[in-house]
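Lettered A, B, C and D in written order, each chain numbered from 1.
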Amino acid sequence: MLRHIVTTAALAVALVAAAMAPAQAQDQKGTLVFAVESLGAQTLDPILEGRPGNAVYQAAMYDSLVGFDFAKGGVGPGVAERWELSPDGLAWTFYLRPGQTFHNGDKLTAHDVKFSLERQMGPGSLAAAAATMRRTIKNIEVVDDLTVKVRTTSPQIGLPAGLSRAVAPEGAIMPKTYIEKVGEEEFRKKPIGSGPWKFVRNVPGDRIEFTAVTTPHWRGRPHFKDLHFLLVPEESTRVAMVRTGEAGIASIGPETMLGASRAGLEVLSVPGTMQAIFQFYGTWRPEVKDSPVAKVRVRQALSLAIDRKQVIEHVMNGKARMPHPFATFGYTDFFSAERWKKWADEAYRYDPVLAKKILAEEGYPNGFELKFANTALPGTQFMIDIGTAIADMWTKIGVKVTLKHYEWGSFPPLERGDQAQLIGWASMYRTAGRPDAPWRYNGGFSPESTQRLFGDKDNCNETCQEFVKTYRALGSELDRTKRTVLTDKMVELVSNSWIVVPILEGMGYYAINTKKVGQFAPIAGRHELGDVFERIPRPEQKPWKK
Amino acid sequence: MTVETVLEVRDLHTHFFLRRGVVKAVDGVSFSLRRGEVLGLVGESGCGKSLTALSLMRLLPKGGARTIKGEVRLGGENILECTPAEMREIRGRRISMVLQDPQTSLNPVFTVGDQLREAIQRRKRAPRAAVMEEAVAALRRVEIAAPEQRIGQYPHQMSGGMKQRVVGAIAISGEPGVLIADEPTTALDVTIQLQYLKLLKRLQAETGMAILFITHDFGVVGRMCDRVAVMYAGRIVECGPVRQIFEAPQHPYTRALIASVPKMTGPVGRLATIEGQPPSLMDLPAGCRFASRCALVEQRCLDVYPGTVRVGEEHTADCWKAASS
Amino acid sequence: MALAERPHSTDAVARRLSLWRLVWPARVPGGFRRTARVPWIPIAIISVIVVMALFAPLLAPYSPIDQTLRDKLLPPAWMAGGSDKYFLGTDAFGRDILSRLIYGARVSLIVALLALTAGGGIGLVVGIVSGYVGGAVDSVLMRLVDAAFTFPAILFALLLAVTMGQGLGTLVIAISLLLWASFARVIRGEVLSLRQRDFVALARVRGCSAPRIMLTHILPNVLNTFMVLVTLNIGVVIIAEATLSFLGAGIPPPTPTWGLMISEGRGRIADAWWVALIPGIAITLMVLSVNLFGDWLRDRLDPRLRQL
Amino acid sequence: MKRYIARRLMQGAILLCMVATIVFFLGRLTGNPVDLMLPEDATPEDRTALIQTLGLDGPILDQFAIFVGKAVHGDLGMSIRMKQPAVEAFFDRLPNTLVLIPWAILLGMMLGIPLGVVAALNRGGMLDRAAGTVAVLGVAMPSFWLGVLLIFVFSVELGWLPSGRMGGPSHYVLPVITLGTFLVAGFMRITRSAMLEVMESEFVKLARIKGLSEAVVIWKHCLRNALIPVLTLWGVFVGNLITGAIVTETVFAWPGIGRLTYEAVIYRDFPLLQAVIILKSILILSINLGVDILYAYVDPRIRLA
């Protein structure tokens, strides 16, 4: 009899407790499960993870100094509400958003920002841009709890963009007091961040689990209680898991897209995440002076021979767009996007007749030999398919293409050194969707860059000189309109050279189980969904409209 | 006094049917076995004596061997017509067999006790303890020392002689009326051989079972058997009491066999051998099968197979030259 | 007797029974038995595939690599929506699956042939030398064989892909590096038993040099085993080629190989199942027939059985 | 017995040194992990800085000396990508692979052994070939193709089973089937040949003479003897399952060491690659030795020798 009374009492207490729990916690229910191709290094320490990994799972628990413009894509307010450049262009001041706290309750202050940036530049950091930051940042000064001043050795127009996840991961803010208290080792086991999700568990090679922060957060208060990242390398398995409901969202490629939509799954595409391009190596080298690829009009003819619409329709199942010029998107900063979109639509049209005519005029009536290197980052299998498709189109206008396939890991060594194996070759390549175009142009065309597509230090023809002059001017130009003019000039130089030719503006593709996840909009250009999970509603809150 | 016949074999034929032709291994064998008697079945290896034994047990090897004609009357019933289930009842209970090589006759991965218990339990369902006792008794009966320890041991822990005794114990555990011993002592060395033969004799005296003793060693025949049948190329060419066969062998083959046995006494000359080869069992000659190697061969021997001549009271021989009594 | 010498210890069995060898069980003792009838169906399947490979250009209705993006992912002709222009339907690029299957047979067989001659050859030589010479040479070679077994084939394939570029040559070398170890281990087992036989001792007595003995006496006796191993390993090579293509280190597109066709089609299993299913069935039939033929061959060639 | 184990361990040690040296140099020829970690537009200085941090600078022989120095103390270095000691990464994932293996072998035996017995009993006949065909089917089907098909049919279409990942018992069904079918042919063939050998032996004849039923003769006496060679297959199969699990672990998203090896190769994570291969070799050698010793208990002839 006694036992009976005790149980009913316990029951009553439990009910009351539940009722009193904070009202908001009520509407955080269920688990959002995201099946992804790779979890990178699967470490929760921002200085040890490369760009993709950080953007996928670290984004959930860490805020970045500079954030996203959720509507247009590109850079927007983050941990810092606003930031301004000193008149002499040598110092950026960031004004932090008040009232931000870490998961253990510590307040987020300017000290944390200084500590985080210095830690990214520190010796143990594997951050890709660590060397550049060490070179460009002179010192970081904490003005007051909510203001940080970063002095640079030379005017760094792109610094804020570099500290936003739209461009690079080095802006993640880490808890200074906590790390100094428990030490790096413990921090890596039990990490603390300021993001909308708290860390729960990390099972190597299998999954990472987070749980929602119950207090409001400027990036949005999660509608789900838990967030699980599952590592599922095989694409067909990922789609199967979404269909059976084991996962709510899964990253997919164009191959499985058709099957997914036919099976009743919602296929979401993130616009402007990457450009599939093809480029020519070493066209400026003396030894290929008289080869066809050295001639601008021949390169242009090869572009005209490509029916981009058919590639978009058949290889990407219609889920891709006609591209802007090289490495530029709708959201690129200081760039007259509309003018260049019109230019691109006309320049990248499909005109095989003209292409054949140009080839004939240039002395190749029955085509010529072209070696074409086809390669693709792990997980972007469709790049190989695009390469195969355009090689086939080139053969249709008489170009005898020999396709040679390179596994991604084995391609970079060929670019370095004297590029002996790539001179006179065309190759598939890609560029990630980023708002700051100049950085990517420098990476491809400056004489000191790895690819050196315009020329190297010793022989840099006048287009190459012109490019270097424009790029250097851009570096120190503070006036917005002048910057736009300079960027347009740089884009014009590269586009007219036809050395690097975009094929299509690709998208990130996700299969979604509408019974598990409500309707949400991705951030343009942001292939990885990292900064979106907190705003994804539950299906009953906002069902997908057909 | 007529002693009761336990086993009657009439005109037994067992042939191998292979792609290349028919091997007439056992081609018309007839003999009878009386209670308490030991009948020797003697012949060169390959003359079909082991196959005869297997035909009696109906355990012919896979691959084309089939008993196509003849009768095997065990206690009046022709076991060739039994169903496999009936045959299984007969095996071990009314007719049993001891094999040649003790090394391989026992299953290496089971203890001697297991294999004995299996045979005993075939006869009657009994609680484990009772069966265990009976197994120990069986081992003691075949003169194995310290049977309680031996019961738990594995075959490879025992000597050849001991293993053959265990096989004997297994064979007689069902108190069979007939025991076929297929060259049980050939694999044993001589001293152990003698003990084993004495054991068999003792067991026969106790149980009164009939033994068909298959061997190629005439010395063993002399010691062990009451009557002996000599086999050559699939047939019994001479059969009769041991004494008469040894003293007055009628069939030239028997005579040659006995002559080739080295004597313990007297001068040791060259061993007598029999020239030539036994005929191929695939195309047997019309007449007497020993003709090609027989010293007294005549035209008649080549043309017609000699009938069975009754030489003595129980002594028969298949040879034109046999002196009929 | 020491653990190693017993007939069934892992070491002895491993010598006699590597994974490939285990598809070839120990010799069957004598005893009369009907030799199995000639396996006609497997032989028929193998010959169809060989014919497809030899006369690919004549048999294939279309070129295997040219794309007609308009009619992509058409189901096989006998299904709804299928067109009889493409009997087995088309893949994601509108390439005719039947033609790719036919050309794929050619590539798979070439890979199998080259890998087996290379890998098998090395294995044969190492096996004979190691088995006959014995001693230090033998243990070193055998440790090398053990090392080869623990190596992931993908590492070889990738290493060669980097240094020589992905392609047929790379794949053949990678697979033969995988095969030679199993051949060597089996052949060595054979040679060990052959070495004790009288005719070898006799040859040595007659003063033949070791290489001559190996060539004239050991080699012919080992050829049966080699032949059986070759037939049984054709299946292994084809599966290896398919697996390496699946892992991205095999022959690159657009060359049609059965393995690549599966990995390209596996993503579309939900809506265009035939793209992956058909080459899978082709591989399964081929490897099945080759194994059954190999089994039959082993029974036929097994010296002791042949006498009956 | 002791002398034998000592000899086996010594041979194992030599093998390990050879394997470690080969994988050290081979790995480095395939390229550099840094290229895979840097974004495509990284500047050359970024690259040199990263190489320094990872300790990949300096001549290859010095790197080898450092590697050997540390390996002797059991420290096989830090995984570049996983940022944790390579040994730890290996042992984190090892149980996931090992847990599948016994079930796969069990499935292989449950199908292979009966098929082997049936084939042996009807040698040369229809059933022999039928059993052979069924068994060989397992080897004939490429495992990744089978895996993808199983997921599509049983998980997506029928919804009976989860389509991947580790988890409750239902998660084990499909991966075990994929791995297990591959072993059926091996078990069938070795059982068949062992049975044929045993069925001809004398003690089987004696068993029949005792009047035991055919079933008891075959399934007790013969099979028990045929199981001895079957056991030695465990050593061979376990080794192969470990190295060969790459495909199944990829298709079923099973975080095992097969997948770890594949990633180590693809991302050129040299320390991890070296550690995985060395530890795998140790594992396989010890399993072979273990099976050998276990073997003594199965075959009484050895146990008391």
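Note that in this section a residue touches a chain if its C-beta (ideal position, glycine included) is under 8 Å from a C-beta of that chain, and two chains touch if they have at least 3 such contacts.
This structure is a prediction, so every number in the text was calculated from the model and none was measured.
The chain with its C-alpha centre at the largest distance from the centre of subunit C is B. When chain pairs are compared by contacting C-beta pairs, C-D ranks highest.
Averaging the CA coordinates per chain and comparing them to the mean over all protein CA atoms picks out D as nearest.
Distance between chain centres (mean CA atoms), subunit C to subunit D: 20 Å. Annotation: 52 Å between the Cα-based centres of subunit B and subunit C.
Taking each chain's centre as the mean of its C-alpha atoms, subunit A lies 91 Å from subunit B.
For subunit A, residues touching at least two other chains, in rising order: 236, 243, 263, 409-410, 413.
With touch defined as above, residues shared between interfaces to two or more other chains in subunit B number as follows: 61-62.
Annotation for subunit D: residues 30-31, 123, 148, 152, 156, 200, 228, 250, 266, 299, 301 touch two or more other chains.
Residues of subunit C that touch subunit D in their complex: 1-4, 6, 8-11, 13-14, 17-19, 22-31, 33-36, 39, 139, 143-144, 146-147, 149-152, 154-155, 158-159, 162-163, 235, 239, 242-243, 246-248, 259, 262-263, 266, 269-270, 273, 276-277, 280, 283-288, 291-292, 295. Only residues 1, 3-4, 7-8, 11, 14-15, 18-19, 22-23, 26-27, 29-31, 123-124, 128-129, 132-133, 136-137, 139-145, 148-149, 152, 156, 185-186, 189-190, 192-194, 196-197, 200, 228-229, 232-233, 235-237, 239-240, 243, 246-247, 250, 261-262, 265-266, 273, 277, 280-281, 284, 288-289, 291-292, 295-296, 299, 301-302, 305 of subunit D touch subunit C when the two sit together in their complex. Residues 65-67, 69-70, 72-73, 92-94, 158, 161-162, 165-167, 248-249, 252-254, 264, 266-272 of subunit C touch subunit A in their complex.
Residues 57, 59, 61-62, 88-93, 96-97, 99-101, 104-110, 118-119, 122, 154, 156-157, 167, 170-171, 174 of subunit B are the ones touching subunit D in the complex.
By the touch criterion stated above, subunit D contacts subunit A in their complex at residues 30-32, 35-50, 53-54, 81-84, 89, 92-93, 96, 148, 151-152, 155-156, 159, 162-166, 250-253, 255-256, 259-260, 266-268.
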